[in-house]
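Per-chain numbering from 1; labels A, B, C and D assigned in written order.
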Amino acid sequence: MTETNGYFQNDNEKEINVLNLQSLEAEAEKIIPKGGFGYIAGGSEDNWTLKENTEAFNHVQIVPHVLSNVEDPQTDTSIFGINVKTPIMMSPAAAQGLAHAKGEIDTAAGIAKAGALMSQSTYSSTSIADTMKAGNGAPQFFQLYMSKDWNFNENLLKEAKEAGAKAIILTSDATVDGYRESDVVNDFQFPIPMANLTKFSEGDGKGKGIGEIYAAAAQKIGPDDIKRIKDIAGLPVIVKGVQSPEDALLAIGAGADGIYVSNHGGRQLNGGPASFDVLSDVAKAVNHRVPIIFDSGIRRGSHVFKALASGADLVALARPIIYGLALGGADGVYSVVEHLNDEFKTTMQLAGTKTIEDVKNSKLLKK
Amino acid sequence: MTETNGYFQNDNEKEINVLNLQSLEAEAEKIIPKGGFGYIAGGSEDNWTLKENTEAFNHVQIVPHVLSNVEDPQTDTSIFGINVKTPIMMSPAAAQGLAHAKGEIDTAAGIAKAGALMSQSTYSSTSIADTMKAGNGAPQFFQLYMSKDWNFNENLLKEAKEAGAKAIILTSDATVDGYRESDVVNDFQFPIPMANLTKFSEGDGKGKGIGEIYAAAAQKIGPDDIKRIKDIAGLPVIVKGVQSPEDALLAIGAGADGIYVSNHGGRQLNGGPASFDVLSDVAKAVNHRVPIIFDSGIRRGSHVFKALASGADLVALARPIIYGLALGGADGVYSVVEHLNDEFKTTMQLAGTKTIEDVKNSKLLKK
Amino acid sequence: MTETNGYFQNDNEKEINVLNLQSLEAEAEKIIPKGGFGYIAGGSEDNWTLKENTEAFNHVQIVPHVLSNVEDPQTDTSIFGINVKTPIMMSPAAAQGLAHAKGEIDTAAGIAKAGALMSQSTYSSTSIADTMKAGNGAPQFFQLYMSKDWNFNENLLKEAKEAGAKAIILTSDATVDGYRESDVVNDFQFPIPMANLTKFSEGDGKGKGIGEIYAAAAQKIGPDDIKRIKDIAGLPVIVKGVQSPEDALLAIGAGADGIYVSNHGGRQLNGGPASFDVLSDVAKAVNHRVPIIFDSGIRRGSHVFKALASGADLVALARPIIYGLALGGADGVYSVVEHLNDEFKTTMQLAGTKTIEDVKNSKLLKK
Amino acid sequence: MTETNGYFQNDNEKEINVLNLQSLEAEAEKIIPKGGFGYIAGGSEDNWTLKENTEAFNHVQIVPHVLSNVEDPQTDTSIFGINVKTPIMMSPAAAQGLAHAKGEIDTAAGIAKAGALMSQSTYSSTSIADTMKAGNGAPQFFQLYMSKDWNFNENLLKEAKEAGAKAIILTSDATVDGYRESDVVNDFQFPIPMANLTKFSEGDGKGKGIGEIYAAAAQKIGPDDIKRIKDIAGLPVIVKGVQSPEDALLAIGAGADGIYVSNHGGRQLNGGPASFDVLSDVAKAVNHRVPIIFDSGIRRGSHVFKALASGADLVALARPIIYGLALGGADGVYSVVEHLNDEFKTTMQLAGTKTIEDVKNSKLLKK
């Protein structure tokens, strides 16, 4: 245990047994302090969209194909020419120091060990360069909560570029904080600083609620910002939070190099559709012009399969990986990704698919 | 506490913490006497329509639009040229003295403080003029339960006009009382008088059940009554309780100046559709000829958004506001409306809308 | 209490408070011996069809029409030229002595008091003539479980005709007993005799299970039996148990004077549709050539309305009325019918309908 | 009780009371050791497909036809010219020694007594010849988990042929083990040997988990294997695990003599459709060219009816029969099949069908 400002952080470092990703939540709840756990686990309003995110995978079914003559399914794939061992990626998520003393340092290390792609949040507990270093050369993306202060934005983008980030994820669905009741119930303020704020802004985030943090960010985000960020960073820009074909086309028209279909894990707008329920329509509109990352609701190997078969190139998740971080540090993170990838490989073999390309070409059934 | 005829009324006067509107019901149940609470909270028959009213908002989803370049959403709007700070309005609701010693006096004050529109019920605990005065110049509508006795109707309409009411709401869906089991279980009779009955009729309502009260009202209400009421009041007439395109057109053809889509909060006909489920069809028929008010089931900011995007110009609610009244008097009422408007503003920003007009032009998704 | 063969029968004679028809079941369970209660309440297999019967009324909604200028709704109607005060009818149901010492005698008296139509089962606890007499001139139908023994059939039909029955209901959906688990769990055999068996067959039914009783009845029932029964009885014949347009047309083509849409209250075939879900298709096929009676699932005034609006001329039910019989004898029966008719009148008024003809012409909504 | 390697097996030999097939699970859980019970009862991942398998039968309804003039329904039918008394068949299921000391010996005897068709699993606790002998001349099929080792395959197929098996079932949906959480939770390894492994392979399966067992089997199974197996066995080959029209046509094109629609009782791919939900589309594609066997989810007589009416020629099940085996040995097995066949006969009679051909020609309703 590490104590920071009266907040107790785990410092577990071990591989963990993962029965399934859902079961990790109750285990993590026992060891993450209440406010931090509520911040990580909670959604907005009555959590309808949060629950629907996972439920929606039951709206379609995988048609298994037998006599396919396949064995030993391969999960390696690539995005922007970057090779990864698995299409499972770490979603950008703030303040992972809430779950573990080492925060994103350990997440990056565990993700790297799994051969997966890491993404860092602007509101990380650890700095861009430190987190990148922990990944030991493994690919990482940097997520930008665009600030009203363009000096801040430029500093972050430059550090990301210099540290070796491969792309910028521009979050577009969080121009104000969703109404997250668990934070209200717990009267939650961040007990620990955010490294990028400490380094490049006046405050360090500590003692603030997520509402205050987001208030410093830009509310007005428009298509022109994509180009501006691309120019500063000199990296591909992926627009995160897209939930409609119209927005996907708008973003691509404005220069986006990737589309990230997400509803922020049900933490922002409640009463919107499950992220999975809009994926295939967005993918049809995108029509392979740029890659698609998908998150919000993935908990099972069969979900990974269904998302890829609906048009995603990579699938991302955060909560279960953060629970793995709390329970086992870098090795816990690794255990979670490995478990999910194992479930996914089982699904691939049983569905009669050998490669990620085969999965993407699978037809789902709506019954 | 104020005691009237053995009935204990709260006299709380304070702003309250509102986690969400649904959570207020259990808090209010602790402090409103059982019979009064049952009268306020109950629906008819097995409450199917009552429950469906809120559930129906999940039948469609908000498609959030990112990269919209908006900030600081504005909720001000207008109806009949009257400006209000929010599209959220107080539904007409009887006997608010059941919840608080000051009854509608405090409701009107709290609604005025929120910059919202107040409506008074014929069966109010306080008089038209007193309630209007409490609003301190803020706009109010008067709701008429049309009596068989036209002297009674004329007296009410004249007092409303003189006191400054801006429109008359003619309730058309309560020509007999719905079968409300909670009132039967509690053997509920009104323990406190109704000011307008005291003033203009023979009895004051005290000691009567809602069935007896409604029996004094007219059962036969027809299109011609709209014109008659308009002539007497010299005010716009809004027909409340409309649930079909046919009835909307009938009312407009007979001179109605507004349509109020409602199923009386699930308190009248059970086994009819959720109010929200019929809104868009009614709105298509009305086609902007007159304004539309909507109530029945609104509990969340996302519900306000969905109702406006389905054709409503204003949305109304009563139960949660009455719970706010019980818990905090005028300031409690204010707290509830402010909370709901805050949830709504969050939804507006996350959906990429800046004005009420933007919200109305939003397309919803059916998944 | 009356004790017969160790079976304790109530002899309550009083009007009862009916909160709603569903709530009667728990009250009746307290006073009807376990085996008898299980026989009355149970359905077949896992009760899917039994539950769906009532749930199905939520598949469509009543569109209330306001400004209809109606008051004082009238529930009187007629079938085969017989006037009744309500479209609510007693379904034929066996062995009502299980619920009350007076059995069908009291049911007939209570139904007559309510101005409703009574139907008697072949397997009644009381004789055709005695039950008819208890009705004191009020209209009754006689239901035939057609026996393999045509002497038995003839004796019954003649007694029915002589006693004044107005029509014969030929049950066609019970050529073998449904698999009713509650009877198996309770190892249920009829503890009391069946009057018609006592009079016209070798055994009296006592000590037998429903399977044995049904085994004495004909398994093979065909279109030709309709004519044969008509000829013997000289009365209109209504075919009960019809659930498809094809069967309705077959029965009418073979001479049926009425169609009785029913799935035997979910007691026979499980895994078939809710009775209400097939009503409108059957009604379309029948196209007013003969009257339609409907049962299976009716518990609310809104259900009565929906069934009539879907093509029924009369609606029938048994279980809740038998519970009323157990709780209050003839007056209990009366209380139940009156309560349901009151709920129905409330629905009529709120829907803007004045007559049964108006109800039949109402359009329902599918949302 | 018989104890093998610390694992306690029942040796009950008696007919049992079967209320319904679902109720057997809780009874069996009391007497089968935890690990063995978990192996038998469990499905994969979160059991969605397992539950949906049975739930799916409610997606369509049986339209009962009255006035059909039928009695005494006959359940006898045939497949490949083999006559059976019932269309209900034993699914191939591994390691029935987990449930009973005599394992498949007793299952075969009970199935034979019921006049049904037995199928043996490659991973049986008892040998092909012994199990066949226990059936005393009654028809049996042999199921092949195709090994990587073709000597093993040939040995099995030859023993099956010599022992008198009538067909080979080639399982194609288990090229890797589904992720079965109950086995993980129980850390389950087979405590008892598998007779065919003992006889023809290096290990006997004891002490291994199902994952290890499946790993010895072939992962690559293709259309050509059908022909190869046919040639070795000289028997018809049925491909098991088909869930799509495409795969059915592929298998038939490659020489399959029968199609076995199944999702392995929800034990393999989770997130695929209920087996029943794909049956009718597969049947349309097969178009009577070869017979269809169906399993996964059958628990009721009405399910048997619906599966046959959707295109199956035989329906199979395993879990409830294995529970009967645990509770009563051969006679327990017999009791379960008899009970299910009795429920099915009741359904046949109530639906107005006399023969299996009538059932197959019945139209189902989708409401």
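Operating definition for what follows: a contact is a pair of C-beta atoms (placed from the backbone, for glycine too) under 8 Å apart; a residue touches a chain by one contact, two chains touch by 3 or more.
The chain list, named the UniProt way, goes like this: A, B, C, D = L-lactate oxidase.
Just so it is clear, the model here is predicted, and its values are computed rather than measured.
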Which chains sit in contact with both members of the pair chain A and chain D? none
Two copies, chain C and chain D, superposed on Cα atoms differ by a rotation in degrees, nearest 5, of 90
For copies chain A and chain B, work out whether under half or over half of the interface numbers are shared, and give different or same accordingly. different
Which chain is most remote from chain B in terms of Cα centres? D
The distance between the C-alpha centres of chain A and chain B, rounded to whole Å, is 43
Just give me the whole-number Å value for how far the CA centre of chain B lies from that of chain D. 60
When you check chain C against every other chain, which residues touch at least two of them? none
If every chain is a node and every touching pair an edge, decide which shape results: line, ring, star, complete or other. ring
Which chains touch? The pairs are A-B, A-D, B-C, C-D
Report the residues of chain A in contact with chain D in the complex, numbered from low to high. 19-20, 22, 57-58, 61-72, 300-303, 305-306, 342-343, 346-347, 349-351, 365, 367
Of chain C, residues touching chain D in the complex: 45-46, 48, 172-173, 175-179, 181, 184-185, 219-223, 225-226, 239, 241-244, 246-247, 250-251, 254, 263, 268-274, 277-278
